[in-house]
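Each of the next two complexes has chain A plus one other chain: chain B in the first, chain C in the second.
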Partner chain A sequence: MDFKLTEEQQMLQETAERLVRDAYTFTKREHASKSEAGFSTEFWKQLGELGLTAIPFPEELGGFGGSGIENMLIMQELGKGICLEPFMESVILAGGLITQLGSEAQKEELLAGIASGELQAAVALDELHSHYDLSHVTTTATQQGSDWVLNGRKGVVIGGHTAGKILVSARNAGDTCDQQGISLFIVDPNSAGVTRRTYATVDGRKGCELFLDNAKGELLGTAGGAYDAISYQAGRAIAALCAEAVGAMRVLCDITLDYLKTRKQFGVVIGKFQVLQHRMVDMVSALERATSMAILAACLADDEDSAERSAKLSAAKFMVNRAARYVAEESIQLHGGIAMTWEYSGAHYAKRLVMISHQLGDDDHHLEAYAAQLSA
Partner chain B sequence: MDIHFTPEQLAFRDEVREFLKQELPADIAAKVKLGKHMAKEDHERWQKILSAKGWYAPGWPVEHGGTDWGPVEKHIFDEESAAYGAPRLVPFGVNMVAPVIIKFGSEEQKRHYLPRILSGEDWWCQGYSEPGAGSDLASLKTRAVRDGDHYIVNGQKTWTTLGQHANWIFCLVRTDPEAQQQRGISFLLIDMATPGITVRPIYTLDGDHEVNEVFFDDVKVPVENLVGEENKGWTCAKYLLTHERTGLAGIGASKAAMRHLKRVATKQQKNGKPLIEDTLFRTQIAEVEMELMAAEMSTLRIVAAASEGGVPGAESSILKVQGTEIRQAITNLLRKALGPYALPFLPEELDYEYDGDVLLEDYSPALASSYFNMRKLSIFGGSNEIQKNIVSKMILEL
Partner chain C sequence: MKILVAVKRVVDYNVKVRVKADNSGVDLANVKMSMNPFCEIAVEEAVRLKEKGVATEIIAVSVGPTAAQEQLRTALALGADRAILVESTEDLSSLSIAKLLKAVVDKEQPQLVILGKQAIDSDNNQTGQMLAALSGYGQGTFASAVVVEGDRVKVTREIDGGAQTVDLKLPAIVTTDLRLNEPRYASLPNIMKAKKKPMETLKPEELGVSTASTLKTVKVEAPAARSAGIMVKSVDELVDKLKNEAKVI
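Up next is the complex of A and B:
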């Protein structure tokens, strides 16, 4: 048992920390958020130049062979800056799916680009009524000669509006919620039959709806057998989101604590009031719990697939979602009116923290998943 | 970073498991698991077994009869002991007064008291709280006035756990009434057989006799029973409280209680099915189990930091709050699992020797009582609100 970082991991953490601190001021974030891409293409390039986008990939594919721990370290720092870039979506989730399912040719074609940052990919798993259930797939895939043709609508594809490639889950067999019969396809968003409606998200990012009308898709992995890989890679992405939330919570706790020490009312700094002190302690306790669970998730993320791994990742996301919402709401309340303004950076941390629970499962979803597997 | 135990630590765990399997008396384990009454003799029997193995006082330095275990080994030992149903050690001698004597006591005191604790000859109790000094411990009023070679002690202590079994009590007493609160306090060891001491039982809300009031009426205590310097007792008290707090998260006990909850929920029924298959109840178990998982990870982080030489500070306060809330949540579910059968109050069935008809199950009579009894967890050892004050001051610097 050991919770220390290796020297390399410490260096990685410092690199990511420095990069975020230098490149990501509140004003720059605002600017990037309102740009067409919805994130900083310049910062994305820097992530690639410094090799951060290559961290999780196997060495033979041009990566650094990083594990869940390395992903955690990067995501925490990105969370501290509430960075807008689709790192989890492109590098961890899309990259992970291609690494796990792709043919040699597909890996060769796509992974070098994702690892260098030149190719930004997105993943389209959610649908109108899927409500976090990754097996709920109504989008259809039918084979026409050697081509696969996709029809349907995929929802809330973060980074999908700028992506060079989108990985789409579609059903070639079975009923709506069957795990069997789900396939994964590489879709070129600029090809015929693909339309996108781009929108901003509440937490300052951008995403799109993806409409597929006889669109062509290139099969990734075997037809009908993609669910296990989707579920496994979603687990890695969950661990990454947990780490991002911990980074954002840490900063939001710091901001709030700082405010308690400077804001004066009734002639004293408000941090002198015991009722606020205890609420601040409760926020820090929530952060500690979330940190513990994010570490647990990171340590398990790259383990072999098992019921235990899935259950513990659900537990992590559940605990982190709860803590994230708690810290977000409490930080606003402890600040009072100022946290209600767009100009206040804390408000944007609060928004991201709540929205993290809307990616890959909220607390109800993971509570249900954990309870279902409960062993006597 | 690695959340798994090393092969050496796993081997140690196996050794502990083997010992518990061989040596822990079945009747004692059954009493613990079913929440039956523990006799003084049960505690003494288990203590002797541990002493014979050299595992009664793992936290002491080796030269006094302790072990060379690190924080991880101690954690494993506590976890496994709880899992096998070993009784929680009565801490007042071995884990409370002993560390204070080892840290602040004279050579003479170490030579005299420590072997008697190890052998079980002395049973210690704690004289801290008073009717007017609970969370505000430093406002205590019990007076000790120097008179030649003695202190004359007058006053009253309360909440004295298992004081009815004790032959020694360690007390915080006021030796300088003029000094500011913490400054005029001293740490005294008092023989319970001294004339002028009266012990009266306090029956708690579950009907149990666990705590007592202790009255001191002109009690003569030899000056050599002072630990550390006169008026410096608060230093001992603070040292002891940090020692106390680290074990208060009770993760091992909560894990054992969680297993018990699942057993009970498998036997109890609702809608013709085991309660554990009821979605609502099952979800509540799941929620607490995930909280417990987080608390266990936090404990392991503190334990690992301690093995690197870190001193567990105020983060153990966070863990005390979290751990006690989890334990209380489990006892809440255990009580709810009984449905209307939480109502019958059957203290006679809590007696392990009881051989009459059992109204419901062997586990049932303890559950509602234990739920009420466990409300104490968030009050003692520094109430959870006091813990939050500590975090606020020490970590957040508010």
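Up next is the complex of A and C:
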């Protein structure tokens, strides 16, 4: 197989790499994390100006028709800088859902904004007891005349606190875990009946709980038929998270290796100790396995929906989750106490990796999903 | 006004360079290659001059292997209008490069040639000056400001004592220093446009230039590892060591 990037992909990667390297120093990230938005609005603007937020959209919708590979290249670089911006949530997940389900008018209204970065969107799929099951939806949608009225609570909506629009899954028919009867709605977070409780997540980002009390929502797609699209787009988001994790793991492996070559104990650098060399090698082996799976995920993220695609994406997320936590935990062990300090960048990489290993399904969830596909 | 910008394919500045085991050179296998940072500044300056309406066309030129097309494509994505690759797989000396660039200058007749002051691989800092000598044009090296006025260009140079401004008659050669500008990022729309911009490939023999080198690399070695620093207990001790041991104050 030829894994060589095209000239355009190389240039895209270089642009993203340079931008992250210049604009995302550890200090700047700290500053952005503590800001009201919880990310750098300036960096978000730059992503838009350079066209990076337009990558995955079809050319006729103002995008560049990028594939999973282009998304992977950007996400890897964002992972290297542990960037706080909700790129995956707004561009890949929300943008993907609108592209797949939206009417021409909805696409025209929303996608241009998302592609330019002027509109930041968020997606609210999780609930208190859903535990990664996208069909577990208790939030209700009731039609009143031509309007849809939503009631319920959505949890951990990353980027939801600053989003201009939030896509909310709600049930208009069926039982709690039925795949049929789930619809997707565009909610204006500033409209009546919508309340947000903002909080910081352990990886330095911000998200919110979304409370819907007779809130109005605009239907995206057909009523009761959104599950397949949600599941498909979650697959694209999983591929993006895998790539982000690989970027973050690579940096964490590099800084751990640097530390082993610098820190002295018993008169020699600790990297001289064979037992630590073995552990470092195991970390890099885990990273390489995860990299292969992230490439696989990127290659099939935009393929037609199929059981095989879902199984491979679950396999990728499982492998990446395991590797992410392994690299994060081993890095802390090899560093010793310093890796637990707020002032050390390694601690923040480790926290982001642990968070990624839980976003859109932990390893148990994806192992079960993979096993279910095998036995189907 | 036509501007010619020279760009060089070098090992990316973030790569830790390794010397080959036989000391014959630097190991380039699987190493990330990029445009020389000083050349990026040169491209940026040309693009800014075009944006100001001073320049009408920017031609990026590189001398190197086929893969140097990647760096030329980057120059096109940053704003150059067309590109010329003088294709050569040999390890060329600064003089050979300058002769090839002179041939391209004769062919294209630019009013301004902008180069990086040096490339970060060999750090020779020679090509711009040699090109000026070969072409007979005035030279403003280590530029931190470039202002074109009519048929003249004022170049502020970074020199040991501060800054020096030279006033050159066009056509002229300018080499860029770090503070001249901050290069832009290649945006996605411009990356896509770069695909359609023309790129010409020439061979040294087509330009009538012999690239036979008078230089031979005998041996390449990594610099000696730095010895560990020491902690001093007080400012007085530091001053004493600087004065009596290091003898720098």
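A few comments on the model shown:
The criterion applied here is as follows: the second predicted complex is superposed on the first by the 374 of 376 C-alpha atoms of A that agree within 3 Å, B and C clash if a C-alpha of one lies under 4 Å from a C-alpha of the other, contacts with A are read in each partner's own complex, and residues count from 1 in each chain.
To be clear about the criterion, contacts are C-beta pairs under 8 Å (C-beta built on N, C-alpha and C of every residue); 3 or more make two chains touch, one makes a residue touch a chain.
Note that this is a predicted model, so its numbers are computed, not measured.
Touch criterion met: A:Glu8 reaches chain C, while chain B stays clear of it. In the superposed model, A:Arg18 lies in contact with chain C only, and not with chain B.
Put chain B and chain C next to each other and count what each touches on chain A; the higher total goes to B. Once the two complexes are overlaid on the shared chain, A:Ala173 sits clear of chain B and of chain C alike.
When both complexes are overlaid on chain A, the residue A:Leu257 reaches chain B alone and has no touch with chain C.
Of the two partner chains placed by the overlay, only chain C lies in contact with A:Gly51; chain B stays clear of it. Of the two partner chains, neither chain B nor chain C is touched by A:Val202. Taken together, the chain C residues at the contact with chain A in this complex read 14, 34, 69-70, 73-74, 77, 185-189, 191-192, 194-195. Of all residues in chain B, those touching chain A in their complex are 1-6, 9, 72, 262-263, 266, 276, 279, 282-283, 285-287, 289-291, 293-295, 297-298, 300-301, 303-305, 308, 315, 318, 321-322, 385, 388-389, 391-392, 395-398. Contact residues on chain A toward chain B in their complex (touch as defined above): 1-5, 9, 69, 257, 260-261, 271-272, 274, 277-278, 280-282, 284-285, 288-290, 292-293, 295-296, 298-299, 312, 315, 318-319, 367-368, 370-371, 374-376.
Here chain A touches chain C in the complex through residues 7-8, 10-12, 14-15, 18-19, 21, 49-52, 54-55, 64, going by the rule given at the top.
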